[in-house]
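Per-chain numbering from 1; labels A, B, C and D assigned in written order.
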Amino acid sequence: MDSTFKTIALIGKYKSLEIAEPLLKLADFLAGMGLTVVVDNLTGSHLKHHSYTEIALAEMGGKVDLAIVLGGDGTLLNVARTLAPFKIPLIGVNQGRLGFLTDISIETMQRTISNMLRGDYITENRMLLSAAISRDGKQIFDSLAFNDVVIHRGNNSSMIECEVLIDGEYLSNQRADGLIVSTPTGSTAYSLSAGGPILHPALEAIVLVPVAPHNLSNRPIVVKGDAQLEILMHRADEARVRFDGHTHFDLLRDDKVSISRYIEPVCLLHPRGHSYYHTLREKLLWNQPL
Amino acid sequence: MDSTFKTIALIGKYKSLEIAEPLLKLADFLAGMGLTVVVDNLTGSHLKHHSYTEIALAEMGGKVDLAIVLGGDGTLLNVARTLAPFKIPLIGVNQGRLGFLTDISIETMQRTISNMLRGDYITENRMLLSAAISRDGKQIFDSLAFNDVVIHRGNNSSMIECEVLIDGEYLSNQRADGLIVSTPTGSTAYSLSAGGPILHPALEAIVLVPVAPHNLSNRPIVVKGDAQLEILMHRADEARVRFDGHTHFDLLRDDKVSISRYIEPVCLLHPRGHSYYHTLREKLLWNQPL
Amino acid sequence: MDSTFKTIALIGKYKSLEIAEPLLKLADFLAGMGLTVVVDNLTGSHLKHHSYTEIALAEMGGKVDLAIVLGGDGTLLNVARTLAPFKIPLIGVNQGRLGFLTDISIETMQRTISNMLRGDYITENRMLLSAAISRDGKQIFDSLAFNDVVIHRGNNSSMIECEVLIDGEYLSNQRADGLIVSTPTGSTAYSLSAGGPILHPALEAIVLVPVAPHNLSNRPIVVKGDAQLEILMHRADEARVRFDGHTHFDLLRDDKVSISRYIEPVCLLHPRGHSYYHTLREKLLWNQPL
Amino acid sequence: MDSTFKTIALIGKYKSLEIAEPLLKLADFLAGMGLTVVVDNLTGSHLKHHSYTEIALAEMGGKVDLAIVLGGDGTLLNVARTLAPFKIPLIGVNQGRLGFLTDISIETMQRTISNMLRGDYITENRMLLSAAISRDGKQIFDSLAFNDVVIHRGNNSSMIECEVLIDGEYLSNQRADGLIVSTPTGSTAYSLSAGGPILHPALEAIVLVPVAPHNLSNRPIVVKGDAQLEILMHRADEARVRFDGHTHFDLLRDDKVSISRYIEPVCLLHPRGHSYYHTLREKLLWNQPL
């Protein structure tokens, strides 16, 4: 087949048994099209016997032209953070109800993906956040986030208190359960539950959303995508910073969390006809009678 | 002096050194009026030499006619939970900015309190919540709460999931950061930050307020004060229940939290002229130009 | 039939042609049970030939033991306001999707209602509001409201400004698009859209909900059902007060709107097994996956 | 004086008498610096005798290098809409409490403005919206808006219902009191009261904020500044569209409101040291204890 994507990596939801069969079926289908198929090694360890080369996510740079993720939005978030430095485009296949990021149904994936491999797709770049934590002037942790970086009081009964700087300028002191720093992608996740706005994915912007803020006039604020955020912990008893709700790091008083846009965007491929607004209506039940 | 309150207990903010002097001054003033003054023993342990009888909060039932608390609203909350079974009325004196509950200034306390002891006061009953936690059919913890009982995901990155029954009838499954069950007193505290309504203290009602709920149409609901609430934990990875943000208990899956109005209200005494709405305007900055 | 309800009034949605057939069918069914059936005269004027006595809503007091409304919640609201002084219980039959108040389906109404007439029903009393408008010290308008009394800026581009007193005590000055004063029944209508809490119908309470308030710490406040509210218009350029979104009255500066609980509640009859929380879950889509 | 601004227009708050004296004082001060001063003719008609050339706002294009507005934010909004096509930079002087746009105090204006005329200023471009209303395929009205374009039900008791398209793609049907389409500048005005986020002024973005939406999962959505919005009125009984709350136009069913970014931004000049976040903290009382 005359696709620009010669080598395709398949990645399944972590430890999901029901993904094994459709994943191998898709592998065979793609191999039958003359494409080289590799399988993420963590995914492979849960597959029965198969003949595809296994390769770790972190080793895919330069070797893989396209990654297809079978799972839910959470799986794609995790894969996207790891593959982001390598500029490998991603396709998301959902085993259940379609997600914001995994918008192809497992039932129709063969036809949809073969159309996409023939060039029938839409490219969408989405920004990630890069966060670093400094203590006593030294960087002690860093992580990417595709949805959000969340500073939260964790198990503590007291609010966090932190000072927020944007591009070096003082914004405010936040006293709240938490502070969400979200990408447009994350704006329909936790940020939305906490009262944040929806940001169209094409917008280069970051939104800061307080969770249950003490000050009732403390509202979500949207800043430019290239803003440099610094968050200084004034009170951080058992506070924690979480990245996409996946990894976390425990904060101490006077720690600084620096957040900015990651240099590389995630490149998502969608089938032609994909509509962000359609997904929004479906997920938020906007078409249901009330 | 011809007061109905013969024996008066003085209780100071825990471990607060600056409360010592005004507390002893008030003690001397009341003793000078011919009243019997006792001092909470925890408070007493932080006072220098004094001649007043010390007595534990838990021993005050039947021995004390009135308790005067010097501290902030948090101190009064704690004292009120302990004294609630004894029907001892409470007066709150605030060392700093006046609170919702501690509405007498330390500067003017002598004159205000002597007027109140002459009968010039307003009585206000406020409801408390009584909560019990059951595991495998056995009650394993219980506590009172004056502000709120809060079930929260704590350090966990996943939402809590719990099933809420009101008077034995199924209300809904809650998926959220947390669920606040608040009295009218607590409605101006954490509940308000999470989007709950203000409940006038004279209202016999309980409000359930979700924190950052997954379902965007999940809204605060106000039920009658005599409602029997049961909350069954369907997902409780590191969930915790907190009482007035003071004590807490770690929950497990399938634990049941039962909450209802405590049989005895807290009786607060206010100086004549006290206005709840005035306090509300002051605390919420309603009179400030925007 | 041995029902306590001997004479039953049938009332259909105003000017609705599709209600005619099921209404007459229900009339024949009830007459066949030996009950006396009368028809609201406005409804009757849209029926073809029928032999039932027609009677105006306002004349039903003392003559009718039960009123059955066929329509939606809006129809029942209107009927309830008119019948409220007469203490006539109401049953609501819905021609479409079940409502909060009209909870019997037109498809199953015969069986459900015959069970209810045999005594198999739940009685629920719901409070109404009574509102009066005074100008220059004279009352110039009054109305009942089952859902809400709403003061709104109408076509004007400026906010309304009004002063709110509760039981003669000053609450606050409101600057907003509008101010909603809602019963528990109305709490799931316009009030909910404006950010108000859900009030369980058994709660004797009134909620004041600002619409798009200028002051960001202005929040809904719930007061006791017997509270006396007075709203003084400080700025009322083209302001209007609306009652259940049905009738309205144009306000002028310095007008006073007085609102309190109406002396008679509306008595609703529900089929056994009726669940308020079930309706809530259905209407607010709480059971839908997001 | 060696300023790049040779001819300076002074514009005062409409019909404001108290602006006359400081305005003429500023005029004399600027003239004393060797600059040419002209006065807006509407402003001039309320000044006593003066010797400055009067000129209509709409005639200032090409003749004026800088406009200084004395009044509040509302005055500057109005001036900005009229001057926007001419690319004349604006300075805002406030007679009362400083505004978001009028950030120079009348007390200190002489020193501040003379510093700015020496080059000591910050330039900030802010986007405006251009809106057009079409009926039966013909454009029948158009207007600029610096804050917001608001479609509102006006005096009608029913919600508006409209269909929103973004860049030709269907977003949703809106049923609400109104729909606010706001610039970053407008995000701290009416939009904020209705629950919208704060948008930093440097962000090229438009936010759509429903007012009291019927659907509880209907949330503010932020789209790119170059988005083309079309709003089709499905129900518009007495609906009205308002521009900056200043001008308005009555809508009919099937009218289309098209909104996009105006080609020219407004250019604001601020004194060095100006801080948007500082203004935000002041206006939203973020520094006040609660």
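The working rule: contacts are C-beta pairs under 8 Å (C-beta built on N, C-alpha and C of every residue); 3 or more make two chains touch, one makes a residue touch a chain.
In this text, all values refer to a predicted model and were calculated from it rather than measured experimentally.
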Subject >> Pair sharing more residue contacts (C-beta pairs) when A-B is set against B-C >> reply: B-C
Original post:
Where centres are the averaged C-alpha coordinates, which chain has the largest centre distance to chain C?
Top reply: A
Subject >> CA centroid of chain A to CA centroid of chain B, Å >> reply: 42
Original post:
Taking each chain's centre as its mean C-alpha position, how far apart are chain B and chain D in Å?
Top reply: 47
Subject >> chain B-chain C separation of Cα centroids, rounded to whole Å >> reply: 37
**OP:** Would you pick out the residues of chain C that each touch at least 2 other chains?
**Re:** 192, 195, 214, 216-217, 219, 284-285, 290
Subject >> Residues of chain D touching chain B in the complex >> reply: 97, 216-217, 219, 283-285, 288-290
**OP:** Would you tell me which residues of chain A are touching chain B in their complex?
**Re:** 154-155, 157-158, 176-177, 190, 192-195, 211-214, 216, 238, 240, 242, 245-246, 248, 284
Original post:
Within the complex, which stretch of chain B touches chain C?
Top reply: 166, 169-173, 192, 195-200, 202-203, 205, 207, 214-224, 227, 275, 277, 280-281, 284-286, 290
